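Labels run A, B, C and D following the written order; every chain starts at residue 1.
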Amino acid sequence: MGRLSDSYDPGPQVAQCGAINLGTKDLVASLHFFSDLLGMEIVERAGDTAYLRGNQELTHHSLVLTQQAESIVNSYSFRVKRPQDVELFAEELERQEIEAVEVPSGAESGRGTAVRFLLPGGGHPFELYYDIEKPLAVPELRSTLPSNSSKRRGLGVRRIDHFNIQTSRETINQAESWVRETLGFNRREYALHRDDTTVLASWMSVTPQVHDLAIVANTFGKTGQLHHVAFNLENLHDVLTAADILRDYDVTFDLGPGKHGIGQAMYLYVIDPGSGHRVEIYAGGYLIFDPDWEAIKWEREQFPDGLTWYGDPFVYKGDARSLETTPSAGLR
Amino acid sequence: MGRLSDSYDPGPQVAQCGAINLGTKDLVASLHFFSDLLGMEIVERAGDTAYLRGNQELTHHSLVLTQQAESIVNSYSFRVKRPQDVELFAEELERQEIEAVEVPSGAESGRGTAVRFLLPGGGHPFELYYDIEKPLAVPELRSTLPSNSSKRRGLGVRRIDHFNIQTSRETINQAESWVRETLGFNRREYALHRDDTTVLASWMSVTPQVHDLAIVANTFGKTGQLHHVAFNLENLHDVLTAADILRDYDVTFDLGPGKHGIGQAMYLYVIDPGSGHRVEIYAGGYLIFDPDWEAIKWEREQFPDGLTWYGDPFVYKGDARSLETTPSAGLR
Amino acid sequence: MGRLSDSYDPGPQVAQCGAINLGTKDLVASLHFFSDLLGMEIVERAGDTAYLRGNQELTHHSLVLTQQAESIVNSYSFRVKRPQDVELFAEELERQEIEAVEVPSGAESGRGTAVRFLLPGGGHPFELYYDIEKPLAVPELRSTLPSNSSKRRGLGVRRIDHFNIQTSRETINQAESWVRETLGFNRREYALHRDDTTVLASWMSVTPQVHDLAIVANTFGKTGQLHHVAFNLENLHDVLTAADILRDYDVTFDLGPGKHGIGQAMYLYVIDPGSGHRVEIYAGGYLIFDPDWEAIKWEREQFPDGLTWYGDPFVYKGDARSLETTPSAGLR
Amino acid sequence: MGRLSDSYDPGPQVAQCGAINLGTKDLVASLHFFSDLLGMEIVERAGDTAYLRGNQELTHHSLVLTQQAESIVNSYSFRVKRPQDVELFAEELERQEIEAVEVPSGAESGRGTAVRFLLPGGGHPFELYYDIEKPLAVPELRSTLPSNSSKRRGLGVRRIDHFNIQTSRETINQAESWVRETLGFNRREYALHRDDTTVLASWMSVTPQVHDLAIVANTFGKTGQLHHVAFNLENLHDVLTAADILRDYDVTFDLGPGKHGIGQAMYLYVIDPGSGHRVEIYAGGYLIFDPDWEAIKWEREQFPDGLTWYGDPFVYKGDARSLETTPSAGLR
């Protein structure tokens, strides 16, 4: 039967949230934040670009920091399940008449060919790739545990967790549907606008995580926005330790720590001092193994519980800080 | 493309480790252990049988306790991905000339039709099912969070995590291969016998967990053995709290707490006072999202680190306690 | 020298924060809260009164719940260092012409004779006692550890931690000074009113804890008020677990979880559903062993950091919830 | 009364466990261990000597590392309660005809005059001092919190916790009695030898901690031995994180992590790679506020529970590793 199922083709699939490429006006400050404080390994440094990963990521990088004039997101990258899926997705984009460009192998160090396009309805530059190197860390950082690429340091970031992106209310349904229908994401939890039709927020995944990608309606009608990229710690307690240390290093807190009802994970939103992008320090949450999971719909009256089950609460009106977002690069 | 891929058939697949049916000589003592101490919800009680689940399981049960003369494992159940997969697996078993019986809907309360067979090379009674009810808890136990079936209580067991089963050295390679080739499990970490051919232990999964199922060579040459069934807590710290409380309630400790190098999770092995089966209280560990994950091979000299990275160590020779196992029921 | 120092008399001293006697309109609801949820042991139940203790308290009780028409605090009790200190304090009160009454042995079950008086400048009914029984828990609750009076249960309350009491701005300096000068408390951290003379808040202790007693100026000019009584858990993480569970049991949250800069402990303020008194679930913080500790003065601009280092923040203006307090009984 | 009690003299008293001066053959390796890994601040470096403190210690140092040919303990220092107590203790030593020397101010940087003598029955070089500077950390390490001397770094060592010293069975009763009678320590928990008279181990404190000093009978009849010096972390979980990191940095584990029944704290014993001295990473435990605390006596059959309540167990016979100790310097 194993052989039998090999003859079937399930079509191209996304395997995971792979990497984010963040433009930063101050690479030194961003590296201090992500490497010295959060504990990510600098795998490679090439001119104005640095490649980092968490200590449980064997692949070359999950974060690219690029020194540039604008603090924008250069790309959101997803890894696909099979080598042929990059090409199969490219064909599907063509079929749907979505403009795409090929990003050559090595454009991001260690990574193979990718296909790049703008999320329909969102405008975010998405990249899909399969091939990526798995380099060993330098000996003094290498872990004794073969499942860890480097020793735990700093706040102990293990891996990238998810992206939270925003688009305007007018196009959010298009973007959210496209992600589910073409990229194969499953809606796990969601809330609708007052009209009971327009998506307010949707948490979606291709893995048992509650979300690898969230799409949220932007309050100010902007498209192509990043709300935050999340990095994963192991325990709820680790988020408290992170809060303690980041406060004392004068890192700007946006919100948290607290625990979401949606996804049930601990959150702490801080601002990368170099780039101004919002970063979520994230731990815990439940996993979904049910093949017949029904997406949880959050009604308006319960929604505050969903945003904050306990801890520093989202302030819905008045404080605009948590509503700020950062823009993305275009197709080329 | 979504529609396109629907026309493909990937063949039957296992979705998750679903439930275990444990025979117990003392149902009252087992219920005290699993419900009062570990915090699992008793969803249904029918005569000599009780159905339990963790507080993040929406399905009817992940644990069945059956009062009976022998403390054996009545079944290891796996949930499949699609309704038709039960029948497709049944056909595959027939093709392979593996004897199987149909377990009618309701034989385990809340569950649909299952197919039952003995693991080739292992002899463990495996059951595959898809349909299972998702009942609400009684109002006083129901959680406000829609992703939790009940309020957190006791030690906070969230869900079943994995099975660790044993068979003789003579047949372990057959069993381990079959699980991978027919059930589609991926080998994640493993160790081989001195001959560099015979599996000593293999950790396998159909999910991003390092293992949903482990198969280990039995020291005494027995087949059809359970080493332990694991239940999941959220944080490493929760295992310490569990240890503190279970010690004070005179629950027999087999091993732990400690942290495995293999899988990187915290462990605590205790004995259910009612049934004598070994139960692992389990938290943490890393997740595998890499589609090209290469199974980690543990060489003999590093293997002790794999078993115990820190904490109460496995004693390889001398102390036979951690080597004890419990047998399984036959096909009917 | 041991013998030599025995001939000296250091005068009467307070040993610790001993117990609080809370009036409650709904004893059943209060017992559910403190015993079933928080995990305190009900040592004795006598008519409308229940005596409770944490699982690391060997003495008879640290909490008395009394069913009565008014949800007021009946007494704040402190244990003195030596048997003769009760009488020595009584003499000192007389010398200072502070009215006091003798509370006979057994008035609170298990406790010896106490002296009762109203805090000068505060009006809170303070009681000083030395003798108190150390009963064993009933066998099924008794811990194997001799330093624990009962097994850990519920949220794992170990012991009473401190009182936070309020009085009017006009008399707070009198109250705070009296506590230091007569009862021998040490000021550990404090903040002054705009006039740089009037105490806004003062954290004081007779132990190495940062505070066994805090006195705060009441926003509404009330005297004899309780802001909260705190109970101690072992780890910061335990406060998160408490928050998770108390939220799901619909216990009203006042504030938290979060971490104070003052004292560096984790806080969660909730309302006892039976009595309406505010209870702090408290863990962590630093200990003071320096004999020449200089009280830390919090200036206005840093004070918000002192109240909330991270987590759910104190809202200074607007939200009156966190400013509510409960009154105290009179002298008799 | 405040004034009244000022006229009494309670005699000299010890305030706390102050500092340890460890000889090390490899200062660089010891500094890497204590500063880079454990997170202690190097307050001052003078030639072959370095002064360190935890991030909740405001005083100049709690650890002195001295590069020298022998890895011995140069001194165990205790801080006294009042300035005059150094002289008063010196007089008492003279009265008891115990030889003592004056250690001049500045002999340890930042510290005032101390009196040095050998513990009667133990031979350990004890020093008593009062004056010690409280320098600010350099700006880049300084904490925003006034109760912290520096930002939390590394494993987060907060402060020195206690000494565990050993002497021969012949003289242990003399040493233990002297510490209680002359230095005023209180016995909190203890175990006796088979003869029910000779102390096997005694945990004693001048603070509410279960022990600031433990004295244990040395298995090999040696005197003047250090078993370990303990440094304090805040949470049980922090000890797990420490274990994870120290294992990966190849620090030699002696024992742990685990939880003592005696004192109820989490332990992890490791070996300083520079000096070879044993260091305990320590968190949690109960505090004693009872003025009439009765020392807990551990009988032989419960003693294993006292040593290890859960976790990596003390091995009583066979493994000599945990029995190794390091010697102390003489009087001059």
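Note that contacts are C-beta pairs under 8 Å (C-beta built on N, C-alpha and C of every residue); 3 or more make two chains touch, one makes a residue touch a chain.
None of the values given here were measured: they were computed from a predicted structure.
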A-B or B-C - the one linked by more C-beta pairs in contact: A-B
Equivalent interface to A-D, taken from B-C, B-D or C-D so that over half of the residue contact pairs match: B-C
Separation of mean Cα positions, chain C and chain A [Å, integer]: 46
Separation of mean Cα positions, chain C and chain B [Å, integer]: 47
Chain A and chain B, separation of their C-alpha mean positions in angstrom: 31
For chain B, residues that touch 2 or more chains besides their own: 144-145, 148, 235-237, 244, 247, 309
Topology of the chain contact graph, where touching chains are joined (line, ring, star, complete, other): complete
Chain C residues within the chain A interface of the complex: 235-237, 240, 243-244, 247, 253, 256-259, 266, 309-313
Residues on chain A engaged by chain D in the complex (per definition of touch): 143-145, 148, 151-153, 156, 235, 237-238, 241, 244-245, 247-250
Chain D residues within the chain C interface of the complex: 1-2, 4-5, 8-12, 15-17, 56, 58-59, 79-82, 92, 95-96, 130, 144-148, 158-159, 180-182, 184, 189, 207-208, 210, 234-237, 261, 263-264, 284, 286-287, 289-291, 296, 305, 309
